[in-house]
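This is the structure, below, for whatever I ask next.
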Amino acid sequence: MPAKKKAPAKAKSSRLITASKDLVADVALANLILFDHDILDGFGHVSARHDKDPERFVMARYVAPGIVVPSDIREFSLDSEPVPERGERHYSERFIHGEIYRARPDVNAVIHSHAPPLIPFGTTGAPLKPMYHMSSHIGMGVPVFEIRNFQNDGQMLIRSAYLGRSLAAVLDDKPMVLMRGHGATIVASSLHLAVYRAIYSAMNARLQMEAMRLGGEVTYLNESEVEYCTGPEGVENTCERAWALWQRESAGKKR
Amino acid sequence: MPAKKKAPAKAKSSRLITASKDLVADVALANLILFDHDILDGFGHVSARHDKDPERFVMARYVAPGIVVPSDIREFSLDSEPVPERGERHYSERFIHGEIYRARPDVNAVIHSHAPPLIPFGTTGAPLKPMYHMSSHIGMGVPVFEIRNFQNDGQMLIRSAYLGRSLAAVLDDKPMVLMRGHGATIVASSLHLAVYRAIYSAMNARLQMEAMRLGGEVTYLNESEVEYCTGPEGVENTCERAWALWQRESAGKKR
Amino acid sequence: MPAKKKAPAKAKSSRLITASKDLVADVALANLILFDHDILDGFGHVSARHDKDPERFVMARYVAPGIVVPSDIREFSLDSEPVPERGERHYSERFIHGEIYRARPDVNAVIHSHAPPLIPFGTTGAPLKPMYHMSSHIGMGVPVFEIRNFQNDGQMLIRSAYLGRSLAAVLDDKPMVLMRGHGATIVASSLHLAVYRAIYSAMNARLQMEAMRLGGEVTYLNESEVEYCTGPEGVENTCERAWALWQRESAGKKR
Amino acid sequence: MPAKKKAPAKAKSSRLITASKDLVADVALANLILFDHDILDGFGHVSARHDKDPERFVMARYVAPGIVVPSDIREFSLDSEPVPERGERHYSERFIHGEIYRARPDVNAVIHSHAPPLIPFGTTGAPLKPMYHMSSHIGMGVPVFEIRNFQNDGQMLIRSAYLGRSLAAVLDDKPMVLMRGHGATIVASSLHLAVYRAIYSAMNARLQMEAMRLGGEVTYLNESEVEYCTGPEGVENTCERAWALWQRESAGKKR
């Protein structure tokens, strides 16, 4: 049972994509980069707002992130329905993406992951705090989404527009939201910045756990440091330097 | 002393295998996947119930999991004896497999490992609990097998049908059993699901140790969440998406 | 958008470099070695004092350490300005390097990193102490730089000569300085020794965190042990043996 | 400065080796295996007693373990002097090996490492105890060598026959000795078993640190379990299965 994806529909497929070729390639690459940095594994998904139509977003069809290629990328409406409908299987949690794009015009990329270092924070309520300049966005606030507040049938996934809206409401105007017993969703004004934030959020979680165990008081970034580092002169503007590296590594890796 | 296996008996060998070629290939691949995910190393074993004869199971002969190939797969009776007997060396703990298949008609795959993150739980009696939806099967219960309750000669391994039956009795109707000072045994209705459970059980153990150290209260999945996530609409049904990734990675890896 | 660097200016470029070819190659390689050992990632930088002009130092232009090649190496004055000025972008924190070379004639190499294991120490004030002979330089003293003592606009980076001088003053005559909420800067009399110290400083931090959690008292190297191990007969003189390994690994790695 | 070793003396070199070709190859391979398992890095060494002359042992000349090849292997007397003397540089701590072979006729292999997980135990005095059957040899006893009891000039290394004898005396009849602020030395009746013990000693240390932090009581192997597992029917007899894997991995790895 080879895992290769079938090629037949390919020619037709690319004609159905109206987003720019560069954006499609970047979203596919973001999947690989996040997989290579242990943010995504066989699960999770990354999307970007369509670059010509703000009422759409692009994301892979039902494929494990570690093996996404550009021809897997599809377009979705803000109702999180594939456009056009091609009878394919899609991530059941695609509502995370559509509802956040609808609620947050400033957001152009969304990453949903089960990144391991974030799970203990979402599960205990220990607040995630900004350890260093690289993850200053954490200082903007990291709410925790408790799904039990919105339904009580034991379902853990965001499989409806209602739950997507609920998640977006808890996310509010923040850069990320932890999801208890599930994972995290991270947003940004650009795909590259969202990838940067996903990688350094996980790093921050690892570092914070270590620091909390050292026994003393931890000096987190203060308000003015967070403001500066996430501002126009701040650290987040250097994410293109890292992207150039990640691109080289992940695009060039034999799989 | 080259580690290459001898080829001569190969033609004969394949005629002695009555299970389907696909199952044999899948069991060999499961060895590599579990090795690549640090669940197995030079030790441990994975088996599947024979797909044409429920009174048999298939498993590798005495070979380290990281280098198993399809021609290493053999058939065994539920007495854990090789069928046919070919004078080869076999895992001394094969009774784990035969006795579980006998006691549990619902089980079609068994994985025995020394996965490092599970050892501290088996050794301290700290209960393993379900951290997130990915490892919801842990919420079905994880008993601990204490071999001292069944014999007292200092032997730690399941080298007899008696100990195999004892282990199966402690496993009961659960998806996994920890073995004090030894490892764990994980079962499932399919080989792919068993591999999924093995990988995310180890991840759960890592995450739970981190969460327990954060100092606050940990909110584990509750009963209805466990029921939903392990049910027909639950997370475990998505394991084929991950298998496609694992297959690509492990089958394609140069060794 | 390929990440390849443009080649046109290359011929001209090499004529602008007055440091020896070997030094330039070594600085480029040090970037890769430190990247491969998780000391640098997409960020951080490593420099060496110019081998023919002690009033200059060599360092990469604005490129992620993991992809630096010899043709990226540039020369800088002790004012941390590129010589000659070629209109290129440079690391905004290059003042770390220039000001340390100015203040410390004994220093011939400077590494600035965000090495993860060092962050919890810089952030909590838990003192880093020498766990074993491999990291005996830590026993010479590891001050912590608190940028809030020198400016208060929320900026975390060493983006001015003033802050560079302030950092150098806190570093004093020590082999390294932790930077709260930021990272660390490590110096040595040679590039190879600086790389050695960077790698084993991070290892010491990891080991010390584990030792502190074991609950008993930790026996660190005492004064005479630190003196011996950092002295002419000491462990640091064996760093060439490790360099030969690191060079083989990192220079030969497909990227 | 290429790291390649010079070839000229090779023909002559091999004529100077009187141990069997297989033993020489195995010692070189053991270096690579231990490097690939993070037991050795640029430092540490592994030796085996000469298979034709018990008054000699074989070990690499002064080369980082990760790049040792068979032509680097030399012979040494029990005085830890090279035989014949060829004017080459050797590990300054070779006395560890000679003095242990002299004191322990049952020992045929010695590994000296700075394996990271063992350092916190040597440094705190927290006793290393046997977590599971894979590391049952730890239950035979693990003394700690405190060099301050034997000299007080601050020197940390075993650079003399006197210190080698002192270490051997503390090791006594045990399978390993921790060295405070330095590392560990592990011995066995065969090279393959010594490699096995080195790998699973480090794993035991990792698992024990995790178990101790879980907060409950840890159930270590008891006396009869240690006796059984290290005995003729015990786990240690299966190390050839793992060796076949390690050989395949490390010998086949592109370096």
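Note that the chains take the letters A, B, C and D in the order they are written out, and that residue 1 is the start of every chain.
The rule is simple: a contact is a pair of C-beta atoms (placed from the backbone, for glycine too) under 8 Å apart; a residue touches a chain by one contact, two chains touch by 3 or more.
Bear in mind that the values here come from a model prediction, so they are computed numbers and not experimental data.
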item: Smallest count of steps, each to a touching chain, taking chain A to chain C; value: 1
item: Chain of greatest Cα-centre distance to chain A; value: D
item: Rotation angle superposing chain B onto its copy chain C by C-alpha atoms, nearest 5 degrees; value: 180
item: Separation of chain B from chain C, taking each centre as the mean of its C-alpha atoms, in whole Å; value: 46
item: Centroid distance [mean C-alpha coordinates] between chain B and chain A, Å; value: 32
item: Shared interface positions of chain D, touching two or more other chains; value: 213
item: Chain pairs in mutual contact under the definition given at the outset; value: A-B, A-C, B-D, C-D
item: Interface residues, chain C side, partner chain A - complex; value: 1, 3, 41-43, 62-64, 66-67, 114, 116-117, 119-121, 123-126, 152-157, 180-183, 209, 212-213, 255
item: Residues on chain D engaged by chain B in the complex (per definition of touch); value: 22, 130-134, 136, 203, 206-207, 210-211, 213-229, 233, 235, 238, 241-249, 252
